[in-house]
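One chain, chain A, links the two complexes that follow: it is found with chain B in the first and with chain C in the second.
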Partner chain A sequence: MIERALISEFKKAVGAEHCTTDPADLALYAYDATTVEGNPDCVVFPATTDEVAAALRLANDARVPVVPRGAGTGLSGGAVPVKGGIVLSLARMNKIIEIDRANLVCRAEAGTVTGVIASAAVAQGLYYPPDPSSINFCTIGGNVAHNAGGLHALKYGVTKNYLLGLTAVLPGGEVLKTGVRTMKGVVGYDLTKLICGSEGTLAVVTEVTLKLIPHPPHRAVAVASYPTAKAAGEAVSAIIAARILPAMLEFIDNTSLRCVEDYLKVGFPIDAGALLLVEIDGRPESVRAELDTAVEILKKNGATSLSFADDPVGCERLWEARRAVAPSLGKASPRRISEDITVPRARIPDALERIGDIGRKHAIPTAVFGHAGDGNLHVNLLADQRDLAIRPRMQAAIEDILRLALDLGGTLSGEHGVGLAKKSCLGWEIGADGMRILREIKKTFDPNNILNPGKILPEIGSE
Partner chain B sequence: MIERALISEFKKAVGAEHCTTDPADLALYAYDATTVEGNPDCVVFPATTDEVAAALRLANDARVPVVPRGAGTGLSGGAVPVKGGIVLSLARMNKIIEIDRANLVCRAEAGTVTGVIASAAVAQGLYYPPDPSSINFCTIGGNVAHNAGGLHALKYGVTKNYLLGLTAVLPGGEVLKTGVRTMKGVVGYDLTKLICGSEGTLAVVTEVTLKLIPHPPHRAVAVASYPTAKAAGEAVSAIIAARILPAMLEFIDNTSLRCVEDYLKVGFPIDAGALLLVEIDGRPESVRAELDTAVEILKKNGATSLSFADDPVGCERLWEARRAVAPSLGKASPRRISEDITVPRARIPDALERIGDIGRKHAIPTAVFGHAGDGNLHVNLLADQRDLAIRPRMQAAIEDILRLALDLGGTLSGEHGVGLAKKSCLGWEIGADGMRILREIKKTFDPNNILNPGKILPEIGSE
Partner chain C sequence: MPDLSDQAVAEIARCVRCGACQGVCPVYDVVRREHAAARGKIHLFERALAGGDEALQGRRLRDAISLCLKCGRCTVACPNSVRTADVVRHAREIRRSETPKNLKTVAASEILADRALMRGSAKFLRLVRSLATQKIEGRPGIVMRLAVPGEGARRTLPEPPDAGFFESAGGADVVVPGGGKKYLLFTGCVGDVLRPQASEAVVALARLAGVNVVAPARQVCCGLMSHMTGDRGTAEELARRNIEVFSMYGADAIVTPCASCATMIESHYPGIMPDAVLPEVITFSEFWSRDLEGRIGSRGAERSPVVLGFHEPCHMDEGTKERSTVRRMLSSLQRAVYVRTAGEDACCGYGGAFNVEHYGVSRAIGTKKQAGYRKAHVKLVATECAGCVLQLVDVLADQDEPPEVITTAEAVERYG
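Here is the complex of A and B:
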């Protein structure tokens, strides 16, 4: 518990009306999009970088944990205050500071909703590509903390590829300005890209400088259905091997497509073993030619039906459907576990087959969807993780799935991050020497371990 | 001086014939592409990661400086052994380990020449875009150490955008495997991108995993001449503001183009105030359409002549000419200083005008060329930096140019790095808190300060 005197100091720092200890309020900040919970002692809502610095100084002096929070849409427990303390919400820092059309750069406060930035860019004929499924709710600060991906990462890359610079506050209240607002910069160690993906454990990001690119003038999406997940996986590998780089190449298995169809009535063929969504963008004349080539490969790999959208409304509808896959699985199975492995793209058919085996072995129903073009598969275990009779089997299945990812030359997480969910197996991928470096970097930034403690790094001795 | 017993140990570690203390050999490893020199005590040529680890352990135990070296083409003094010790040449580790066509990934040893990787990719219909002017000599390890850019960074990004993972050896001989060989990965702090750009001060990179992309099927280059540098600069800003992203958008001023014309006889119009080289790539039908739009803007901004190349040989000839600018200036003025500032692209006309003013103020002739589309300008001071009567004026001019870059919202270095050349002004850009973090990161990786000591970080007290 935090002392009342300290709460008063926080109220002074951010304004009494922007600091709450009301249990009803605290309950709202006890969770993220996982099922883990942890009650904070206090939630503060600073409005400026200086207020963030003041709050951090207070917390650091008192050795009180601080959990930075965007919109709480994270999928690895990153925003859950498992050790109590302060939730530092960036919700009031939600302004786009500037869209510089002449330089193709955007500056925004960390609490700005990513979709707001994307729309503001589009209004200027520009494009901010990273689009996690939660784009209409999540914040750019959370995206930076987790290096968020999205539907268009295959061609356009992830948050880190668009992050030029940061304003970030260290636990002692020092305000760091990292990076550049130019297209290049190689001056000193890259703190921007180190803080990006550090899940709020190194510094609190308050402002971001993003690179924008010209908006592609045209796009078209093909939807192809396959009799089996494996056949669809083979088509993905064939497209990549044919050196086509679609803007989007998404995979949805039968269970996932039935769920989303039930939820949204998109008109997907619910008997298909799996669907692929393939988007090509660019100038209209190239889109047509490249889509023809892609469709030929889709057919050659056994597509049983094909449909198309080549207008903005139709494409947006398919994106919405794809984005609705996770929520619709969540609706059908609220206490499921959603995994996030990434494998080399040629190994997708193997991965899909072995994920099926793992589900059967542990008698846990699975649903798989994801950014197949990246090799990033979201494996969902459709059971109640709070059911103590089932939970050990789910844990065993997860362990098998994570080991499978590493076996196939992949990684434990493509875009959800480590947070609480994967810290116990971080060492499998990073190794002992890497873990030592990670711990020392943490100590360099946050010597008192007040920033999002208990995330990413396992407690010493538990590795 | 290193003790003879230690030299014997190095000979045991890498083989006697791969370790030299012959003064004639040492003289060859005393310099890079700058004019700074510093004699090593010994040069070792390990053939494997294990041999690198063995050599580092010996040096670390004896507290002897180790300077990793690729091809010595660096432009900031990064490979110069200014504190003596061991030069650790990666020249024997020069093999492409694998080009994985199915996953669009290349693995190579750090001493592999970048152009060899690029050609091997092309042979598979794939593309490794980062192409510094020294592409046919420099090594991928050096590119990673400096996060090298190149002619095509505007559209395709720099080395860091293609670097998926590393094998790197810490000073104590621990072998780190960082990153992934998948398209995504967010597991732990990003050591891959931290080591990239650290100029050999944190670890010795021995192997790299690179992302490849499909090779663009077609390209065309327009060469436009302008009466003044400023007019050309305005055309650059106009192209970016029109939301066209050429594959290449290069600027060459009159002095530079006269030099390269003298050297290569390309047929450039030597009376032009400046030239722009604008390359568009993609599918043939889009290339034509986008080039038309770009040419319209070039004309509207006062182009006085225009010529084109749309075949591979013609394009390659223009790239060669552009790559020859720096060597030809070097031939004309061997002891010049080559700067590397980057400014927001809309500020290029201002930058060009004020660089002219600075040259006149200090009575030092200048030549400017560079990756204008990125805002990355190579400002050359054409005088003899060893002439003690001129040197103070050159130093004053450089200081003015670096301050100008920061004034315009830019950065001290776009792609050459800090090395020795800019360490004294690193703090101007990074700030005191950032410098503290940088120093602590250095200490985390290299507690005994044996790895490339004296580079990037200024000696304490000299900031």
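Here is the complex of A and C:
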């Protein structure tokens, strides 16, 4: 519990109406898009970097946990205040500060919805490529905190590749400006990219400087169906090996495509073993040529049907369908567990086959979809994780899947982050020395361990 | 606290907390708190209403219940199509039976429910007009001299007509003889008392085209306001009386200049009165495409036609057909140029009782509509909903050269 005196200090710092301890509000900031919950003791809604700094200074002096929150759409429990304390919502800091057309740079406050930035860029003929499935409701601050990926990561990269600089507040209330607004910059350790992906454990990001690129003038999408997941996986590896770099190369297995078809009625062939969505972008003539080559490879690898979209509406519809896969799986199985391992792209067929084996071994139904082109597979265990009779089997299956990722030379998480979900196995990938350095970095930034405690780093002794 | 109904519990159970609703909710966009969007409401209802935790039953729960425009955008964006608006309405019914009522919404619901009282209020407004309101040169509507307590800004109201629609007809039915189908004109409260020009336009156009239209004088408020505020008794009574009127006339279809009245009759009457047999209900633009298009002649193109914008009511049919029909209709106008403006499909923020209870939020949502019309130099905004007309008159007023706001029926009548 937090003392009343501290609450009134917070009220002074951000304004009484922007600080709440109403039990209903505490319940409303206890969750994100996972199934984990934990009530905070207080929620504050600062409007400026200075207010964030004031709130952090107070919390640090009182040694009270602070959990930064964007839109609460994360998938690893990053915004859940499992140790109570303050939820610091950036929802009021939602302005685009500038779009600099001469330098192709955008500055925005951390609570700005990513899709709003992307649309504002498009209106100027520019492109902000990172597009997590939640692009229309997640915030750029949350994207930076988790180094979010998206459908177009294969060709265009992830959040960190567009992040030039930050304004971030340290736990003691110091306002730190990192990075540059130039295209190059190698002065000192790269604090911008250290904070990116730190899940709110090192500093609270309040403002971002992003790189924009010219918007590709044309795009086209091919949809190919395959009799088996493995055949589709082989086609993915073949496309990458053929030195084609699609803007998007997405994989959807049969279970997932049935769920999304049920929701959106896109017209996907529901009997297919798996679907691939291949998007090529660029100048119209190069799009045509590359698409022809890609289609040849898709056919050679046994595509049983092919369809195309080359108008903005048609392409957007397919993206929408792809973005809807995860939430529509939630309909089939609301308490499912979703993993996001990433493997080297040549190993995708092996990964798909062995994920199937793992599901059968533990008798847990699985669904797999994801950004196959960059090796990122969302493996879903379709069972009720609250069911104590099934939970141990789910845990065992997760362990097998994570070990599989590492076996194949991959990583535990491509884009969801560690948060609460994967902290117990962090050491598997990072190793003892890596863990030691992570802890020392954390200590340097946050000596009192007030920022998002309990996330990423396992408690000492529990590894 | 009574339990939530099984249907509400089923809706709640389908929420996976992804947050997609926050990206489309006009209320969340202004309020920026979890309880404003569907995810937060659902979570709070689950914990507070069903779980019986008294600590959660305070002001925030009231806000969660009342801060909803029932525009339905969250349901469209939701991967599981959770019908939060229905859950909210259900929560309002529960709340209404147990808590002190919001006097302003109760008054609004009761004035609307009694057409005589509504007409009386309009007469009263006409009498006190120069005392209570002022006309500002170059601006449509009349501005209240004082703000309603608690509302901050002074409201702009539509200019009250000299007489209501049925008042002008001496309280009798208004009948347009014609061949073919027989239509009943459902004016709605606004189309009778505050904006009779809307109903008059439908009648004038029907006369031009020789379409048989009857406006029964005994019709009453559609009951949407009562229904949405959880006043089930009044809503049932109004539905019963209207259905009685409809059945007396035996029409082929009901036409109304207001999409909200149409939604109430078409989508909510069957739930309220399961046994009633209702004729088809269409809004004005659908009426135009069936029976007016090509039959009302044209007065020829204007040398410098007026620039006309559109506001899409949330209550227009979710199917795209109605939404494209109204745009085709506006594009066909000879003496006006319809310009598609950015944000023409954004919610105006009215929401009936919502506007009464949360005037500041309602106005903040509505004011965002200004930019799109201003950028396109729109002189006139047409819409197909009475509530939207009231809201747009108010929220578009405080800008330079505010556009005039009319119903689509008037647009066709004036500029066809």
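Heads up, the rule we're going with is that the second predicted complex is superposed on the first by the 463 of 463 C-alpha atoms of A that agree within 3 Å, B and C clash if a C-alpha of one lies under 4 Å from a C-alpha of the other, contacts with A are read in each partner's own complex, and residues count from 1 in each chain.
Here is the rule we use: a contact is a pair of C-beta atoms (placed from the backbone, for glycine too) under 8 Å apart; a residue touches a chain by one contact, two chains touch by 3 or more.
Worth saying up front: this structure is predicted, and the values here are computed from it rather than measured.
Novice: For A:His362, is the partner it touches chain B (first), chain C (second), both, or none of the two (neither)?
Specialist: The answer is neither, since A:His362 touches no partner chain.
Novice: Given the touch rule stated above, what does A:Val113 touch, chain B (first), chain C (second), both, or neither?
Specialist: A:Val113: touches chain C, not chain B.
Novice: Looking at A:Val105, would you say it contacts chain B, chain C, both, or neither? Reply first, second, both or neither.
Specialist: Touch partner of A:Val105: chain B, not chain C.
Novice: Please indicate which partner A:His152 is in contact with in the superposed arrangement: first for chain B, second for chain C, both, or neither.
Specialist: A:His152 sits against neither chain B nor chain C.
Novice: Touch test for A:Ala71: chain B only (first), chain C only (second), both, or neither?
Specialist: In the superposition, A:Ala71 touches chain C alone.
Novice: Check whether A:Arg354 is in contact with chain B, with chain C, with both or with neither, and answer first, second, both or neither.
Specialist: neither
Novice: Looking at A:Arg283 after the superposition, I want to know if it touches chain B, chain C, both of them or none. Which is it: first, second, both, neither?
Specialist: first
Novice: For chain A, give the residues common to its interface with chain B and its interface with chain C.
Specialist: Of chain A, no residue contacts chain B in one complex and chain C in the other.
Novice: Sort out for me which residues of chain A touch chain C in the complex.
Specialist: Interface residues on the chain A side: 22-25, 27-29, 31-34, 45, 71-73, 91-92, 94, 113, 115, 134, 136-138, 263, 324, 326-328, 330-331, 334.
Novice: Considering the complex alone, what residue numbers of chain C touch chain A?
Specialist: Checking each residue of chain C against chain A gives 13-14, 16-24, 32-35, 40, 43-44, 47-48, 53, 55-61, 64, 77, 79-81.
Novice: Spell out the residues on chain B that touch chain A in their complex, using ranges where they run on.
Specialist: Residues in contact with chain A: 100-105, 125-126, 146-147, 149, 153-154, 157-158, 160-161, 170, 174-178, 180-191, 193-194, 196-198, 202, 213-215, 237, 240-241, 243-245, 282-283, 285-286, 289-290, 342-346, 371, 373-376, 409-418, 422, 426, 429-431, 433-434, 437-438, 440-442, 444-445, 456.
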